[in-house]
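Heads up, the next two complexes both have chain A, just with different partners, chain B and then chain C.
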Partner chain A sequence: MELLILNGIVNGLIVGGIYALVGVSLTLLYGVLRVVNFAHGEFVIAGSFFAYVLFTSLNVPPLLALPVAAISFFAAGWGLYYVLIPRLSRSDDPELMSFLMFYGVSITAAALMLLLFEADSRSIDYSFTPISIQVGPIYVSTARLVALAITAVISAGLALFLFRTLPGKALRAAIMNPEAIQIVGVDIVRLSAFAFALATALAGVTGVLVALVFPAFNAFSGTEYTIIAFIVVVLGGLGNPVGALVAGVLFGLAEQMATVFLPQALAQIVGFAILVGTIFLRPSGLFGTSTKK
Partner chain B sequence: MMPVSSRPQDSADRIYFTLVALIGGALMIYFALVPVFGLNVAFHFYLMLWITMASAFNVSSGFSGYLPFGYVAFYGIGAFTTAILVKKAAFPVFLALPFSGVAGLVLALLFAPTLRLSGIYFGIVSLALAGICRLVITNMPEEITGGSFGLQLGSRAHPVQSFYVMMAVMVVALATILWLSRSRLGKALRATRDDADAAEMMGINVPRVRLYGWMIAAFFPAVCGGVEAWYTNVVDTETAFNTLITAKTVIYAVAGGLGTVTGPIIGAVAMVWLDELIWRQFPLLNLLILGVATVALVLFLPRGIVGSILRRKPQWRRYVP
Partner chain C sequence: MTDPTQQVPAAMELVEVDVAYHGDIRILRGLSLKVRPGMITGVIGPNGAGKSTALRALYGLLKPVAGDVLIDGKKVTGLPPWKFIDHGIALVPQHRSLFNELSVDDNLRLACWSFRRDRARVEAAVERAYAQFPMLRDKRRDMAGSMSGGQQRFLELGRSLALQPRVLLLDEPTAMIAPRISAEIYEFIAGLPAQGITVLLVDQNVRQCVRISGHLYVLELGQNKVDGAASDFQKDSGLRDLIAEWVDYRIDA
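This part shows the complex of A and B:
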C-alpha cells in the first residue's frame, strides 16, 4: 500500500507538472486577452504530433523537438492572433463569442489532425537509457523523470520571466488592469499578440512532454486536456499564473491518488467534481481573496 | 379592448401573424408531404431534429443569455430514458417518449443551481456536468444501459411514424417558442438577460424566470433524444453524448441568429442543407468544414443570418417573428 501511495505521489508530481503547464498557458491567455481558448487541448496535442512527425520522419529526438516546437508554435500563435482576435473584439459580447469561435477552432484543429494522422492512437517509440530509474523503493521511467525536470525548469523560467523582466511585468499588469497599462504607453495589441504566441508556444512544448509521459495520443485527445486546463485554471483562479502552476500540481496529485484509492470510473469523475465544486464554493480559486462573479 | 392609440401596433401584429401563419403553414405542409411523395425521410427527419434542437437552445442562449456547452446531456438522457423504458420495462414507445421529456426536466432541475453562474463559468460547468452524465451512464450496470454496446430497441423501428412524431415535437417546440417570444415570461427572460438587477427591481422573480426558461430549453432536446433513439433503433453513450451534438446545435442556432424565433429555423435549414452537400461531396472534410464554418460565422456574421438582416433593417423587427 505504501508503495502504491508513493507511486501515486511521484506520478502525481509528474502528471501535475504537465497539468500546471497546460493551465498556466491557458490562464495567461485568459488573463491578458479575456478570451477563453476552448482549443487549448488541441494545441497541446498538435505539439505531440509535431514531436511525433519530427521523430518518425526526421529522427529528431523529443528533447531536441522541444525548442523547435517552442519556436514554431510561437510563430503560429502570433499569426493566429492577428487572424482571429482583432475581428472578434468588435462583436457585441467578445467573451462569449470567443468561446464559440475557439469551439470552432478546436473542431477545425481536431479535424485537421484526424485528416493528417487518422483516428489511430499514436505514440513516440523513443526511450532513454536506462529505461527506468530507481527512486527510493519504486521505479520510474526515465522519460517521465526527464519530463518532470523539464516542467520544473520551464515553470521556474516562466516565473522569473513574469516577475523579473519588463515584458513579463507588462503581462501581469495587463492581467490586472488592461486600461491602465495602455495609459503607461504599452501597445496592448502587440502585448496581446505576444501573450497569445507565448501561450501557444507553451501548449506546443507541453504537447511534446505529453508525448513523453503518456503512452498514446490521438486526434481527439485534445478535449481531455482542454477540460484539465479549465479545471486547473479555475482552481488556481482565472488569470492567476502562479495559482495555475500550484493548482496543476495539486490536481495531478489528486487525480493520481484517486486512481490509487477509487475504482477507475469514479476516478474520472473526480476531476469534473473538483471543477464544479470549486466554481460553486470558491469561484475565485483556491488562492483567490476577492470573490468575483 | 385595445385602445385606439395602438393602431400601428395592430397593423404590425397583423403582418407578424400573417408571416407566422405563412412560414409555419409552409413548413408544416412541406414536412407533412415528405413521406407521401417519397422524399428523403432520413434527411428531413434530421432537419426537423436540428430545427427543434437549435430552437430550444435559443431559449437558453438567445432569450436567457446562457451558453450551455454541455447541452448534449439533455439529449443523451432523453435517448437513454426511452431506450431503457422500451427495452427493459417493455413500455410502448409512445408512452416512453413523454418520460424522456420528464427526464430532461428532472436533469434541468438538478442543474438549476448552475444558473447562479454566468458567462464562461456557466459554460465550463455545463461542459463538466455533461461529462459526468456520460461517465455515470457509461459506468452503470450493463443490465440497465447495455454498457459499451449500448441498447438496441429491437423491431420497434417505424421510420414514417417516428418521422411524424418528430414533426409533432418540432411543431410543439416552435409554437412554445413563438408563444414565449411574445409572452410575459419571454419579456421577463430578455430583461433578466440584459440586466438582472434592473429586472429584479421591476418586480421580476429572476431565479424563477431563469428556471422556467432553462426547463423549456431542457425539455425539447430530451424528447429529441428519445425520438432519435426510436428512429435509429440503437443507443450508446458514444453517440448519445457526443459533443458534436452540442456543437451542431450551437452552430446552427448561431448561424441563423439567436434571440429570434425564425433565426434557428433558417440557420438549421441552411446549415443542414450545406452539411448534406459537403457530406456527399467530401465525406472526410465534413468535420473540418464544420469547424471552419463556425470560426467564419463568429468572425463575419456574429449576429447570424436573421440577426444581420434585422440590424440592417431595424424597422422589420416588429414584423419578423
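This part shows the complex of A and C:
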C-alpha cells in the first residue's frame, strides 16, 4: 500500500507538472486578453505531433524538440494573434464572440491534425538509458523524471520572468488593471500579442512533454487538455499564474491518488468534482485575491 | 489654413466630438473644448453631463464617432492611449489606475516603460516622484493596493509627474478622499501651472474647481453649455445663476 501511495505521489507530481503548465498558459492568456481559448488543448496536442514529426522524420530527440517547439509555437502564436484578435475587437461583443471564435479554432485545429495524422493514436518510440530510475523503493521511467525536471525549470523560469523582470511585471499589471497599463504608455496590442505568443509557446512545449509522459495521443486528445486546463485555471483563480501552477500540481496529485484509493470509474470524476466544488465553495479559486478593476 | 491672428494653439482640443456607447446612445454631442496652455482649465457639470467621457475621448480611451482630437493644433484623432505620454500628456483617471499587487517602486518604474532602456532617465524619474512625495519613498516596497486612498492618489500624481508632462489631465482627483487630504491635493494642483504644467481638471467639487481654474467649461447633456474665464463666472451674476442652476452650486461673488 505504501508503495502504491508513493507511486501515486510521484506520478501525481509528474502529471501535475504538465497540468500546471497547461493551466498557467491558459490563465495568462485569459488574464491579459480576457478571451477564453477553447483551442488550448489542441495547441498542446499540436506540440505532441510536432515532436512526433521531428522524431520520426528527422530523428530529432524530444529533448531537442523542446526549444524548436518553443520558438516555432511562439512565432505561430504571434502570427495567429494578428489574424484572430483584430477581427474579434471589431465585433460588438468581443468577449462573447471569443467563445465562438476559439471554439471554431479548436474544431479546425483538431480536423487539421486528423487530416495530417489520421485517427490512430501515436507515440514517440524514444527511450532514455536507463529506461527507469530507482526513486527510493519504486522505479520511475526516466522519460517521466526528465519531464518533471523540465516542468520545474520552466515553471521557475516563468515565475522569475513574471516577478523579476519589467516585461513580466507589465504582463501581471495588465491582468491587474487593463486600462491603467495603457495610460502608463504600454502598447497593449503588442503586449497582448506577446502574451498570446508566450501562451502558445508554453502549450507547444507542454505538448512535447505530453509525448514523453503519456503513452499515446491522437487528434482528439486536445479536448481532454482543454478541460484539464479549465479545471486548473478555476482552481487557481482566473488570471492568477502562480495559482495555476500550484493548482495544476494539486490537481495532478488528487487525480493520481484517486486512482490509488477509488475504483477506476470513480477516479474519473474526481476532476469534475474538484471543479464543481471550487465553483461552489471558492468561486475566486484557491488563491484568488481577485483581479480588481 | 493658418490664421495669423490666432493665438497659441490649445495644448489639447476637442472639435465637435460625438461619442456614442452601444452604437447609438450619444454621450457627447458635438462637444468642443480647449485646454488652454499655461493654466488650469476646469470642467464642471451635473452627473451624466459627459465630463469623464470628454476626458476619455481626449486621451484616446474612447473613439469619437465624429469630430476630432487635437494636440497643439494637430489632428491626432484615433491615437491610442499609450502614445500620449510621448506627446508629454499624462492622465490620472477617476478610477484607480494603480497596479495593486505591485510595489510602489514597481508602479513608478512601469510608468517609465516608453524609455525603459534609458536607465539613468528611469532612475531620475523615480527619484523625482520620491522627492515630490517623500511619503512614497518610505512605502516603496509596499504593495500599492495596501496604501490608503489618499496615499494611492499621491502615488498616481507622483507617477504622472515623474514623466515631466506638459499637460496633465485629472478626473475627479479627490473623489472618495478625506477632506483634509483633498485640500492638500487642490493646493498641489493649483501650483502646477507655475511649474509649467497645463492642467485639465474635471471635477464634481465645483467650489474648488472654480477656485483654482483659469478657464471654466460647464457641460450639460454632452454639450458645452457655457464657458469663459473663471473670473467672469465669479463677477457676472447671470453666469453665477446659471451655474447654480446647472450644477446646484452657488459661486460666491
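Here is the rule we use: the second predicted complex is superposed on the first by the 288 of 293 C-alpha atoms of A that agree within 3 Å, B and C clash if a C-alpha of one lies under 4 Å from a C-alpha of the other, contacts with A are read in each partner's own complex, and residues count from 1 in each chain.
What we mean here is this: contacts are C-beta pairs under 8 Å (C-beta built on N, C-alpha and C of every residue); 3 or more make two chains touch, one makes a residue touch a chain.
What you are looking at is a predicted structure, and each value in this text was computed from that prediction instead of being measured.
*Asks:* Could you look at A:I188 and tell me whether it touches chain B, chain C, both or neither (first, second, both, neither)?
*Replies:* second
*Asks:* Of the two partners chain B and chain C, indicate the one touching more residues belonging to chain A.
*Replies:* B
*Asks:* Output check: A:I133 vs chain B and chain C. Expected answer is one of first, second, both, neither. What do you get?
*Replies:* A:I133 contacts neither chain B nor chain C.
*Asks:* After lining up the shared chain so the two structures overlap, which partner does A:L166 touch, if you call chain B first and chain C second: first, second, both or neither?
*Replies:* Only chain C; A:L166 stays clear of chain B.
*Asks:* Which partner does A:V60 contact after superposing on A: first (chain B), second (chain C), both, neither?
*Replies:* Neither partner.
*Asks:* So, A:Y103: does it touch chain B (first), chain C (second), both, or neither?
*Replies:* A:Y103: touches chain B, not chain C.
*Asks:* Which holds for A:V260: it touches chain B only (first), chain C only (second), both, or neither?
*Replies:* The answer is neither, since A:V260 touches no partner chain.
*Asks:* State which residues of chain A lie in both footprints, the one left by chain B and the one left by chain C.
*Replies:* The answer is residues 92, 293 of chain A.
*Asks:* Quick one: which bits of chain C touch chain A in the complex? Just the residue numbers, please.
*Replies:* Touching chain A from chain C are residues 23, 59, 61, 80-86, 90-91, 93, 95-102, 106, 109-111, 113-114, 116, 145, 159.
*Asks:* Which residues of chain A touch chain B once you look at their complex with the stated criterion?
*Replies:* Against chain B, chain A makes touches at 36, 84, 87-88, 91-92, 95-97, 99-101, 103-112, 114-115, 223, 227, 230, 234, 265, 268-269, 272-273, 275-276, 279-280, 283, 293.
*Asks:* Would you tell me which residues of chain A are touching chain C in their complex?
*Replies:* Residue list for chain A touching chain C: 92, 166, 169-170, 172-173, 176-177, 179-189, 289, 292-293.
*Asks:* Which residues of chain B touch chain A once you look at their complex with the stated criterion?
*Replies:* Those residues of chain B that touch chain A are 67, 69, 113, 117-121, 123-125, 127-129, 131-132, 135-136, 138-139, 243, 247, 250-251, 254, 284-285, 287-288, 290-300, 302-303.
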